[in-house]
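Chains: A, B, C and D, in written order; residue numbering restarts at 1 for each.
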Amino acid sequence: MTSKLTLDQATEVISAAKAKAAELGQPMNIAVVDDGGHLVAFVRMDGAIKASIDISTRKAQTSVMMNAPTSALTDLVQPGAELYGLGQLSGGMVTFGGGVLLKVKEEVVGAVGVSAGSVVEDISVAVAGAEAL
Amino acid sequence: MTSKLTLDQATEVISAAKAKAAELGQPMNIAVVDDGGHLVAFVRMDGAIKASIDISTRKAQTSVMMNAPTSALTDLVQPGAELYGLGQLSGGMVTFGGGVLLKVKEEVVGAVGVSAGSVVEDISVAVAGAEAL
Amino acid sequence: MTSKLTLDQATEVISAAKAKAAELGQPMNIAVVDDGGHLVAFVRMDGAIKASIDISTRKAQTSVMMNAPTSALTDLVQPGAELYGLGQLSGGMVTFGGGVLLKVKEEVVGAVGVSAGSVVEDISVAVAGAEAL
Amino acid sequence: MTSKLTLDQATEVISAAKAKAAELGQPMNIAVVDDGGHLVAFVRMDGAIKASIDISTRKAQTSVMMNAPTSALTDLVQPGAELYGLGQLSGGMVTFGGGVLLKVKEEVVGAVGVSAGSVVEDISVAVAGAEAL
């Protein structure tokens, strides 16, 4: 029943993401899920918007469900593109950047989702978190 | 209470679809529903993305609800087109290809939905499944 | 991204469960999920009630979410008992028997949920499925 | 936009709750919400059941929504009692113990919810968390 992703690992991811967010001066919501999309750890930094509690968590879950970073979906879901309408499926997925897979030795163990800044900032903080593993 | 579509028939559809997916080298989620849209059989091939559990099932259900393949809906739901917004109705429908009606002697008995590859691959696997009947 | 539980293993579980259901003369819905609660395989035997599509799947998911057979919850959720109200939490859980954990070498790899007969029959079919691993 | 409850305070609550859970030998899900019921921090300790992700969060939210510990609701929601049916309102509330208000100088600043053990254990860990403030 224990996840491949431990709470210690999730805490490292969040610490690295928080450090990057502080460097950018942008408070963030940061969510870490296991490879089944179930939440392992979450923080909302002081001043980060409340809407991003859900958005950051769904970004992480979307990465796990799609086995891809959420930024890979953006072009695919535009009007006229192949997966237009995808975002409302599988319980509601986020199709802009900020969700990134977490890997240990090439194996996916979960994902991190970051939200509250611009998409470029969200991605940068999520990547910083993922690189901590 | 027994559907017009038997489990044996649904199993044949899934076997044919799996064979086509293996030929393409693309693991798939494959769902078969009866003419009321209720699930009869489902498989997730090893390595197929989890988001497609819901998407494949809804593709099959959408085909039954619309009495059409899901690929027929794509143009109709674009911004400015006649059925813009359709995807969020009837409990959430999928408006890109991969859902195909199942017919026995010209009578609709259900549908098969396939998801995890490109839309072209999904359609190809769904059609292979439907042709097994 | 591949589950610890393979489709081949899930298919074995379903075959064993189907054989037991046939022996009892009770058509069943049988759902197998991985250790994240995501569906791997499902069958509805001819004549089994449609309500049990959802119930069998949720039984399997509940077992994974609670790390226990669903029959262990029945006494705990009665009026006046410790977990009265549990069934509506975590997305809706089933608190009567028919969901059983799947283990390989003592490790939980998923769960099987069975529904359409009496609770005693459902449990008996689920256990037969679980013992196939 | 900043909550009365800071992330530093929420982290202290979680640390104290984790220490108590470790002392009891019972891995827990621990959620801290602000006075609007919005998540500030969450951890799932290794081995804690997944169903309690939702349950711990809702316990904290229920405490805020009812301005009371969740244990105060248990008697009120039994069949025949005054608030029978309460649990399904306000988005789904938890009516057994493990949700406790967080106060700073007598003012409610949020709540902590704990789930995965017995109700007595959950309450004990939540109270340990709340006393850290």
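Basically, a contact is a pair of C-beta atoms (placed from the backbone, for glycine too) under 8 Å apart; a residue touches a chain by one contact, two chains touch by 3 or more.
Predicted, not measured: the structure shown is a model, and the values here were computed from it.
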{"item": "Touching chain C and also chain D, the following chains", "value": "A"}
{"item": "Chain pair among A-B, B-C or A-C whose interface repeats that of C-D, sharing over half of the contact pairs by residue number", "value": "A-B"}
{"item": "Between chain C and chain A, distance of the C-alpha-averaged centres to the nearest whole Å", "value": "31"}
{"item": "Rounded Å distance, chain A centre to chain D centre (Cα mean)", "value": "25"}
{"item": "Averaged-CA centre spacing for the pair chain D and chain B, given as whole angstrom", "value": "42"}
{"item": "Distance between chain centroids, defined by C-alpha means - chain A, chain B (Å)", "value": "29"}
{"item": "Contacts with 2+ other chains: residues of chain C", "value": "1, 36-38, 67"}
{"item": "Pairwise touch network: line, ring, star, complete, or other", "value": "other"}
{"item": "Touch list for chain A against partner chain B, complex", "value": "37, 62, 64-67, 79-80, 82-86, 88-91, 93"}
{"item": "Residues of chain C that touch chain B when the two form their complex", "value": "1-3, 6-7, 10-11, 36, 38-50, 53"}
{"item": "Residues on chain A engaged by chain C in the complex (per definition of touch)", "value": "1, 34-38, 67, 108"}
{"item": "Chain A contact footprint on chain B (complex, rising order)", "value": "49-55, 58, 74, 77-79, 87-88, 92, 94-96, 118-119"}
